[in-house]
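In the two assemblies presented below, chain A is common to both, partnered first by chain B and then by chain C.
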Partner chain A sequence: MAFIKLNDLEVEVEDGTNVVEAARLHGIEVPHYCYHPGLSRPANCRMCLVEPHVFFPPAGAIVPDRQLATGCTTVLRTAPPNRKLDGKYDFIVYTDSPRVKKAREDILEFLLVHHPLDCPVCDQAGECDLQDFTYRHGHDKSRYLEVKNVPPKKDLGPDVLLYSTRCIVCTRCIRFCQEVSGSNELGLIHRGSHDEIDIPRSHDGMPLQLLDNKLAGNVVDICPVGALISKDFLFKSRPWFMKQEKSVCAGCSVGCNITVEYKEDGVYRLKPRFHEEINQHWMCDDGRLGYGYVNSDDRLQLPMKRVDGEFQPTHWADALTQITEKLSEADAEKVVVIGSAQGTNEDNYVLQQFAHEVLKTEHLGLFGALPGEEHTFPQFTIEADKNPNTAGARKMLSNGTPVLEGEALWKKVSEADIVYLVSGAPERSLEAEEKAVLESVDFLIVQDVLPSEVTALADVVLPGTTFAEKDGTFTNSKGWVQRIRKTVDAPGEARIDWEIIQQLARQLGGEMNYHFAGEISLAISENVSGYAEATHQNIGDSGVKLAE
Partner chain B sequence: MVEEKRILYEHLDVPEIHTFDVFRQHDGYACFEKAVADYQPDDIAKMVMDSGLKGRGGAGFSTGLKWSFVPKDIKPCYLCCNADESEPGTFSNRYVLEKNPHLLIEGILICCYAMGIETTYVYIRGEFTLGKKRLDAAIKAAYANGYLGKNIRGTGLNVDIYTHPGAGAYICGEETGLIESLEGKRGQPRNKPPFPAVEGVFRKPTVVQNVETLCNLPFIVGNGVEWYTKMGPTYGDARFDPPKPDPNTGTKLYCISGDVNKPGVYELELGLTCAELIEVAGGLRGEQVKAVIPGGSSAPILTHYELDTRLDFTSLTLAKSMLGSGGIIVMNETRNIVDCLLNIMKFYAHESCGQCTPCRWGTPWVRDIVQRIADGNGRKSTITRPKFGIAENGRWGDTGETEDIYEDLDLLESVANNIANVDTMTWNTICVFGIAVSWPAVSYMRKFRPEFEATIREGKLTTLSVEEATVPPEENYAYQQRIVPRELE
Partner chain C sequence: MSEELIQIQNTFRFTEENQREFDALIGHYPVKEAAMLPTLHLAQKQAGYVSPAVMTYVAALLEVPLMKVKDVVTFYPMFFEEPVGEYVIRVCHTLPCALRDCKGVLAHLKAKLGTDVASETDLGKGTTPDGKFTLMKVECLASCDVAPVIMVNDDLYKNLTPEKVDEILDNL
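Moving on to the complex of A and B:
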């Protein structure tokens, strides 16, 4: 630990922390643009200048250093005993001296020389570092009288637009493509005040390579201004009109921490949230842009039953009664219950309880999205398992007996009379043998979020909910149990999955009385091995890692 | 009358000296052979330190000291020869490359021997096509004659030299910009520390040295330290007690251009005055000296009052200017200083690498302000303000008089100082290009303020007489602060 004098504070910081981070830890803002904790530090924006104080032998005193230093590259370390300042400090640094304040004003003035200040039509307004820092540290007037540079707007790739006029050339986007995605699509063209971010182009301006990698969306997040803009979010909403909730991405088994930004009428965007061990600062575009189905007009909104081969909407009481009648008559040996790797631990735990305690069946299976491809990048991996909770669902469902998966599952299903299948995987197509087996089932109950090949075979369809509409936990492939949180309401009559299951259980005489997902997690922590610590309270925002 | 003192340029005019055979006939490579035969590598490093040799590329940093920073235990270590001579007004390296490239190779060999270096890169300005051709041919000849390559002349030394042409960027002359460019990246200077001596080419210790600096090495080794230190003055640094010797030893290749009768490169002992130099270059063309740029376009300008300033590293630093690359540009009474500044600012605005905020957007802004003034659109306020100057108590302060407010001159000074402050010598930029911009901008404007004011008042470029245009030294803030050097007995 290094003992630092930071302005008027005396603080201890970990060796190796830079001044920007040390100040942030103690609630002091050191404005910066090019520095990003997940990237290298070129110190080119010159915004984070701070004033170190050093011992000056001729004067025998501690004086401000001759040059200001960039806070991002000034790393704090324990000094040897004979190099301590004032006998005790390892470093003395001021972030609020008059010199520092003047330097900040000057840099901000330069940054705005060519900046269009088109905040009224800029997507970034409201979450813009240039706006915020100018407001807090800058001048209110410009002394620049000349004509501003107007570099062209560019279409960089499938989801990213560049408003070059707003770019402050911090090079975060370039460094991201070099260091994290390793795909090197971005670079600088021209020089000096004509610096422009661009993709490789032929001499006549035709793109030779697009900003088209599965991590590309991150450059929009890290761009401190409104230069890089997501086409998906373009002109959709002002940031301050959206509500935010901390959650976890449902796109694959990595389980990136995210913030869901939403309004009453739907989810607007997903942004990565820092988790040191899982996703650091990043998430992939499949996850980021994959939320569309949540807002889809096609969402299942009412229970449906098959009448003369055609689906008809019905009400919950009717659908549930039809199901309970079938189930109460059935032979437990011939009932198969299939949970979903898209569902939460809570959903699957309740389903398992229902199967064991009420239906008395041992035939529990696991269903979910089909595996995709694994993509690896220098600092990120997108996993092939496209379900967020395979590990968790398997554990919850297998309480006692092994879970049926793959061939074993489909063999059981082929012998079953009644199958209750919870899916929740958007765009889940069926493979030929899966389809054949499901077609042969006498009575197929499907709980899902969108019409699919699975629901097409059902006798009763129950509308469930997506990750954005419920509380609960997911367990990722590395054993991290993390919280998802409800943002928007489920569409129409769709209901939380475990509530539907609990309702069925009760109608069949089961004793289940959960009110919140949190209560289920308490039951899980008591009854599922390894999950003792995994209560919602413990999990908090950053998750709990299961013992290996 | 001062005589030229030709050492580096001694054989410059010998026909065909760029060929190996002619160079050998003129004792070529003898100094290198002497170095290897008579001295240990550490002895050479010590000789260079004792010789007081200062880098000729611009910064004037002690070469021996630079070598002492190179960690001994990290290998490989590289030598980078900076031949990217692009400072306006500077053209001495070019003659070495074109006329006597073997001298540079000999210098490189001595440096490599002293520092245990096996690989040298020579970064040549792209426009020097003949220079590169000649150097490449010389390198080839040296390889053929066993002066380069493996086990040089049976000494066990291995040295390889690679030449690399620049692509036309001034900033690739800055040592870390050069290194980035050499590594195949955009020529953008690095943050320092670490300095190249510790972490340079391919993140390995690297000695970056100007062509002229390296060309001095054979003579230091060949003729001895004592002979070398006799040339040029050695001052005492008065901040220390007793004054620390501050050597300005050796000769300098002064490049004189502008309004002189015989512009060109002159090799002279360090320490002669501006006026003497103009004499050497055939005297002034025109009636009167108006201004002298002493060290390439980045250096603060000197007025006709300052012609007795000695052109060496220390004296010019104390006069708040610099020797820089030794590119001296003389201007006579017909020159308009606003126009000169505009010319220089156009160059810098074009050459900023654009990496860091103040320089990227400040430099073109400074150019635009000067352009506006030169176009006759400079702004002058209708109100006045208290005038600062020599006050009644004889010190700098409020004089009790009032002065007109020239808004664009205030703006020019403020913007330039925000890139790099010339009074406190602090900069907010990554490299010292920033100060190379604000130094001329502020010094021209302060020292020739009447000409700037007249141009704004008249609404067009207005050239005043030398006396009218120049701020007298006693009214000049920078001049006020200058310290006159003390020579060691």
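Moving on to the complex of A and C:
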């Protein structure tokens, strides 16, 4: 640990921390643009200048250093005993001296020379570092009278637009493409004050290569100004009108930590949230742009039953009564219950309890989205399993007996009379054998979020909920149990999956009395091996890693 | 790399002679990327300008991302991204040349060639319709003692007057 004098504070920081991070840890803001904790540090924006104090032998005193230093590249380390300042400090640095304040003002004035100040029409306004730092550290007026550069607006790729005028050339996006995605699409063209970010183009502007990799959306997040803009979010909402909730991406088994930004009428965007061991600062575009189905107009809103081969909407009481009648008459050996790798641990635990305690069946299966492709980048991996909770669902469902998957599952389904299938995988298509087997089932109950090939075969369809509409936990492929949280309300009369199952259990005489997901997590922690620590209270924002 | 890009790239190749020259110069550098400038000069000499084909070819040759090549090409004013005349005339307009009447030289050239002065983003503006000359203003050519000066391709001409300019153009 290094003992630092930071302004008037005396603080201890880990060796290797830079001044920007050390200050942030102690509630002091050092404004910065080019520095990003997940990228290399070129120190080109000069915004994070701080004033180190050094020992000056001729005067025999500690004085401000001749030059200001960039906080991002000034790394704090324990000094040898004979080099301590004042006999005890490893480093003395001021982030609020008059010299630093003047430097910040001057740097900001330069950064704003060619900036159009079009905040009223800029998507970034409200979450813009240039806006915030200018407000807190800059001049209130410009002295620049000359003509501003007006570089063109550019289309960089499928989801990213570049408003070059707003760019302050911090090069975060370029370094991201070099270091994290390794795809090297972005670079600087021209020279000096005419510098522009661009993709390779011919002289007449025809793109030779697009910013088209599965991590491209991250450059929009790390852009400290409104230069890089997501087409998906363009002109959709002001950031301050949206509410935010910490959650986990449901796109694949990596389990990237995200922030869901939403309003009453739906989810507006997903942003990655830092988790040191899972996703660092990033998330992939499949996850980022994959939330669309939550807001879809096609969402299942009412229970439906098949009457003379046609689906008819019905009410919950009717649908559930029909199911209980069928289930109470059925032979337990001929009932198969299939949980979902898209569902939470809580959903699957309640389903397992329902199957074992109420239906007395041992036939539990696991269903989910079809696998995709694995993509590997220098600092990121997108996994092939497109379900957020395969590991968790498998564990929850296999209380005592192994879970049926793949061939074994479909074999068992082909022998069954009644199948209760919880899907939740949006737009799940069925392979030929799967379809043939499900068609042969006498009475198929499907609980899902969107109409799909699976619901098309059902006798009763129950509208469930997506990751954005319920509380619960997902277990990722590395054994991290993480929380998802309710944001928007479920559409129409759709209900939370475990509530539907609990209702069915009660109608069949089972004793189940959960009131909220956290209560189920307590039951899980008591009854599922390895999950003792995984209560909602312990999991918090950063998750709990299961013992290997 | 996309199919289109490969097609573009395939439209340019070093001639055998240039390939030999490239093989010789690449050995002078610790990493291939470091040979970017001489390679681009060589390619520009052959193709006349740095077309997308040249850029993609050089990127593949030096095993660097295409954007790195584009970056370098747009940074340096001596690389042209569009076709230029057979003779590129660079007129120095920095202070010593300006004091020694480079404006007169430039005006004379403009009148004589019947073309405007090229800008960095629009070289076509300074190129004669027959594709023979491109006229452009440049910063200091490092010959202030003999101002005003112009460069025609790789040759420097000193102490110019409109009459001398006529002579130079006649001898080209």
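Side notes on the structure shown:
Keep in mind that, in the parts below, the second predicted complex is superposed on the first by the 548 of 548 C-alpha atoms of A that agree within 3 Å, B and C clash if a C-alpha of one lies under 4 Å from a C-alpha of the other, contacts with A are read in each partner's own complex, and residues count from 1 in each chain.
FYI, contacts are C-beta pairs under 8 Å (C-beta built on N, C-alpha and C of every residue); 3 or more make two chains touch, one makes a residue touch a chain.
Computed from a predicted structure; not experimentally measured.
Partner contacting the larger number of chain A residues, of chain B and chain C: B. By the touch criterion defined above, A:Glu261 lies against neither chain B nor chain C after alignment on the C-alpha atoms of chain A. In the superposed model, A:Arg143 makes contact with chain B only, not with chain C. Of the two partner chains, chain C is the only one touched by A:His203; chain B is not. Once the two complexes are overlaid on the shared chain, A:Glu383 sits clear of chain B and of chain C alike. In the superposition on chain A, contact is made by A:Arg191 with both chain B and chain C. By the touch criterion defined above, A:Asp497 reaches neither chain B nor chain C.
When both complexes are overlaid on chain A, the residue A:Asp106 reaches chain B alone and has no touch with chain C. The contact surfaces that chain B and chain C form on chain A in the two complexes overlap at residues 188, 190-191.
Within the complex formed with chain B, the residues of chain A that make contact are 42-47, 49, 58, 66-68, 70, 73, 103, 106-107, 109-111, 113-114, 143-146, 168-169, 188, 190-195. Note for the complex: chain A touches chain C at residues 184-191, 198-203, 206, 208-209. Interface of chain B with chain A (complex): residues 169, 186, 191, 239, 349-358, 360-365, 368, 372, 411, 414-415, 418, 424-430.
Within the complex, the chain C residues that touch chain A are 1-2, 5, 8, 51-52, 55-56, 65-71, 74-75, 81-82.
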